[in-house]
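Next up, some structures in structure tokens.
You will see subunit A twice below: alongside subunit B first, and alongside subunit C after that.
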Partner chain A sequence: MRKIFLPLLVITAALFAYSPYYINQAPYESTMLLVQKIFYYHFATWMAGATAVIVCGVASGYYLFKGSVVADRVAVATAELGVIFGAFGLISGTLWGRKAWGTWWAGDARVSMALVAELIFIGYLLVRKYGGPGSEKLSAAMGVFGAATAPFIYKSVDWWRTIHPKTSVMSSLNDTPGGVIMWNIVLFCTLAFMLLLTVVLAARMRLEELRADLDRLYLEAED
Partner chain B sequence: MFARVALLVLKKDIAIELRSYEIISTTTFFAAACVTIFSFAFTRDDETMAMSAAGIVWIAIAFSGTLALSRTFERERYGETLKALLLAPASRPAIYVGKLLGILCLIFATEILVVPMVALMFQSPLFNRPGMLLGLLVTGTIGYAAVGTLFAAMLVRARTRDVMLPILLYPITIPVIIAGVEGTTALMLSPPDEAMASLWLALLAFFDVVFVTLSLWMFEPLMTE
Partner chain C sequence: MLLRTVALTLTSFVLTTGIALAQAPAGQDEFVPLSSLPPGQELPAAPLVLASYASFLLLMMFYLWTIWRRINKVEQDLDALKRRQGAASR
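Entry: the complex of A and B
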């Protein structure tokens, strides 16, 4: 990972530098005009955030049953990233809601469920920081339950009466004029955010590794 | 064997509780106090907001449930009996189910007081469809208690357990509380929206399956040192 870290970082930076120009090329959406362009980043952050949450759940489960230290590091790094991407997604979502629904917070099913997931992972970090000895296992249990709510968030818009766009909105893009380029930009932004997730995850895991090394050296010095 | 161990743990908890009535009396009192405070907060110009009753029932259950959970395991910790229980040659999931049943008995006992009390104080039509209300209460309580028992059990060893239990428990059980509140609200409409209520009931049953399965699965690795 350390060898390809720098090239990956450069590619991610290049994608992010180009994305505003690419988004600018998309045609205006018929009712929301300029504001619709929030969507490209909004969707991409949630994809990255959902990936982080699911990876965190799997890594937490693996840590619980196998006791693998690496899995624990992945879990804590992805939990932090999930909170950050989730916060960005919630903020861009409220901006969107202000324009599309006329209110900052509509109390809609998916938005509420996304906030719940955000709270679960903030709880994860709180337990991790203030739980005292043995908090790794506590937070791992939290991670597994947090990931279990992710499918509910995804499906909530299809089950409940709500104003958030349904999951079918993506596949309908191909049939509208200018939809193909919009679809391409969505994929482009998603790729950029996924790469960002990978790069930050690698850096965060390295930090955790160094921290563990430092702790070990302290203990050796004390003996 | 599994059922026998679970029932033995349940019997033990009930026997201890019946000696002092400590948890049952404190949690029901706390729930009653909660409802009373809400009845002041939600009364405007002598006209009580009947529809807020659904939320109040579930909040009172969630708050007093936390009290029951932490006291049950605090007692185990105080007597160092949880270690003995885990050392016993019994399967861990069976012990978990036994503790869960004990907690469920406590919360159901609280509900027997809280639900009629809310119906009375808020003059709300909670009992429009008693069967469906019972279903919502049972499934909702199982979902809440399943997660609660797991987290309360593993927090026994943590230093900051009093703060940590609500922090861990509330975010995870919000979906259960939401489903309970929405389902109960649908039942109070006139006429009651049975289709809506049964949708929420199905969702609650789904949550129960997910939460109980995950808890049974994780209890063993979480309770080993």
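Entry: the complex of A and C
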């Protein structure tokens, strides 16, 4: 990972530098006009956040049942990233909703469940930091259940019809010429966010490795 | 330590509950054309779009800075411990 870290970082920075220009080229959506441009980062951040929490859930489960230390490090790093991407998803959604729906907070099933998932992962990090010995296993259980909310959040807009658009809105983008441009920009931004997730995850994993080295040295010094 | 945890948890709770309680505005009885709205009520989109992208940039910069700071701190602790161990073994 260390060999490809720098090239990945450069590619990610280049994609993010180009993204505002590319988003500016997207056609306006007929009812929301300019404010709809929030969508490109909003969707991409939720994709990255969902990936982070699902990886956290899988790694937490693996740590619980197999006791893998590496899986535990992946879990704690992805939980933190899930909180960061989730926070931006909630902020951007709130700003978009203020103009598009006339309210800062719609309080429908999706946004409420997303907020609950965000709180679960903030809880994960609090337990991890202040829980004392054995908090790894407790937080791992929280990680598994936190990740289990992801598919419910995704499907909530289909199951409980509210002001939030259904999941089919994405597949309908390809039906019109302007929609194809929008779809390409969505894919571009999603790729940028996925690369950002990978790069930051690598840096965060490095921090966990260093902390493990420090703990090992302290234990050796005590012996 | 406990006080910090309690303060952090309470702050998170107050902030998130405040957002959750902010419900949608009450419905109106008739359509109001955009042109008849007073200037103060016409909400421009550009500041919201800018705020969204700026918040992402700031949030990510802050997060990357915290990772960089934490890595530096652990590396300093590692170096100090290695030096202490080296001095003790001599």
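As a convention for this text, the second predicted complex is superposed on the first by the 222 of 223 C-alpha atoms of A that agree within 3 Å, B and C clash if a C-alpha of one lies under 4 Å from a C-alpha of the other, contacts with A are read in each partner's own complex, and residues count from 1 in each chain.
As a working rule, a residue touches a chain if its C-beta (ideal position, glycine included) is under 8 Å from a C-beta of that chain, and two chains touch if they have at least 3 such contacts.
This structure is a prediction, so every number in the text was calculated from the model and none was measured.
Peer 1: Which partner does A:Val200 reach: the first (subunit B), the second (subunit C), both, or neither?
Peer 2: second
Peer 1: Applying the touch criterion given at the start, work out whether A:Ile120 contacts subunit B, subunit C, both or neither, answering first, second, both or neither.
Peer 2: So A:Ile120 only meets subunit B here.
Peer 1: In the overlay, answer first, second, both or neither for which of subunit B and subunit C A:Phe145 touches.
Peer 2: first
Peer 1: Taking the superposition as given, does A:Lys99 touch the first partner, subunit B, the second, subunit C, both, or neither?
Peer 2: It touches subunit C, and subunit B stays clear.
Peer 1: Give one of first, second, both or neither to describe whether A:Arg211 is in contact with subunit B, with subunit C, with both, or with none.
Peer 2: A:Arg211: touches subunit C, not subunit B.
Peer 1: Now for A:Tyr130: first (subunit B), second (subunit C), both, or neither, which partner does it touch?
Peer 2: Once the two structures are laid over each other on A, A:Tyr130 reaches both partners.
Peer 1: After lining up the shared chain so the two structures overlap, which partner does A:Phe65 touch, if you call subunit B first and subunit C second: first, second, both or neither?
Peer 2: Only subunit B is touched by A:Phe65; subunit C is not.
Peer 1: Per the contact definition in the header, classify A:Thr45: touching subunit B only (first), subunit C only (second), both, or neither.
Peer 2: A:Thr45 contacts subunit C only, not subunit B.
Peer 1: Looking at the overlay, what does A:Ile84 touch: subunit B (first), subunit C (second), both, or neither?
Peer 2: Second partner only, subunit C.
Peer 1: Please determine whether it is subunit B or subunit C that touches the greater number of subunit A residues.
Peer 2: C
Peer 1: Give me the intersection of subunit A's contacts with subunit B and its contacts with subunit C, in residue numbers.
Peer 2: Dual-contact residues (subunit A): 112, 119, 122, 126, 130.
Peer 1: Which bits of subunit A are touching subunit C when the two form their complex?
Peer 2: For this pair, the touching residues of subunit A are 20, 33-35, 37-38, 41-42, 45, 84, 87-88, 91-92, 94-96, 98-99, 101-107, 112, 115, 118-119, 122, 126, 130, 196, 200, 203-204, 206-207, 210-211, 213-214, 217-218, 220-221.
Peer 1: Could you pull out which subunit B residues touch subunit A in their complex?
Peer 2: Residue list for subunit B touching subunit A: 147, 150-151, 154-155, 157-160, 163-164, 167-168, 171-172, 174-175, 178, 199, 203, 210-211, 214, 218, 221-222.
Peer 1: Help me check something: in the complex, which residues belonging to subunit A touch subunit B?
Peer 2: 64-65, 112-113, 116, 119-120, 122-123, 126-127, 130-135, 137-138, 141-142, 144-146, 148-149, 152, 159
Peer 1: In their shared complex, at which residues does subunit C touch subunit A?
Peer 2: 1, 5, 8-9, 12, 16, 19-20, 22-25, 43, 45-46, 48-49, 51-53, 55-56, 59-60, 63-64, 67, 70-71, 74-75, 77-78, 81-82, 84-85
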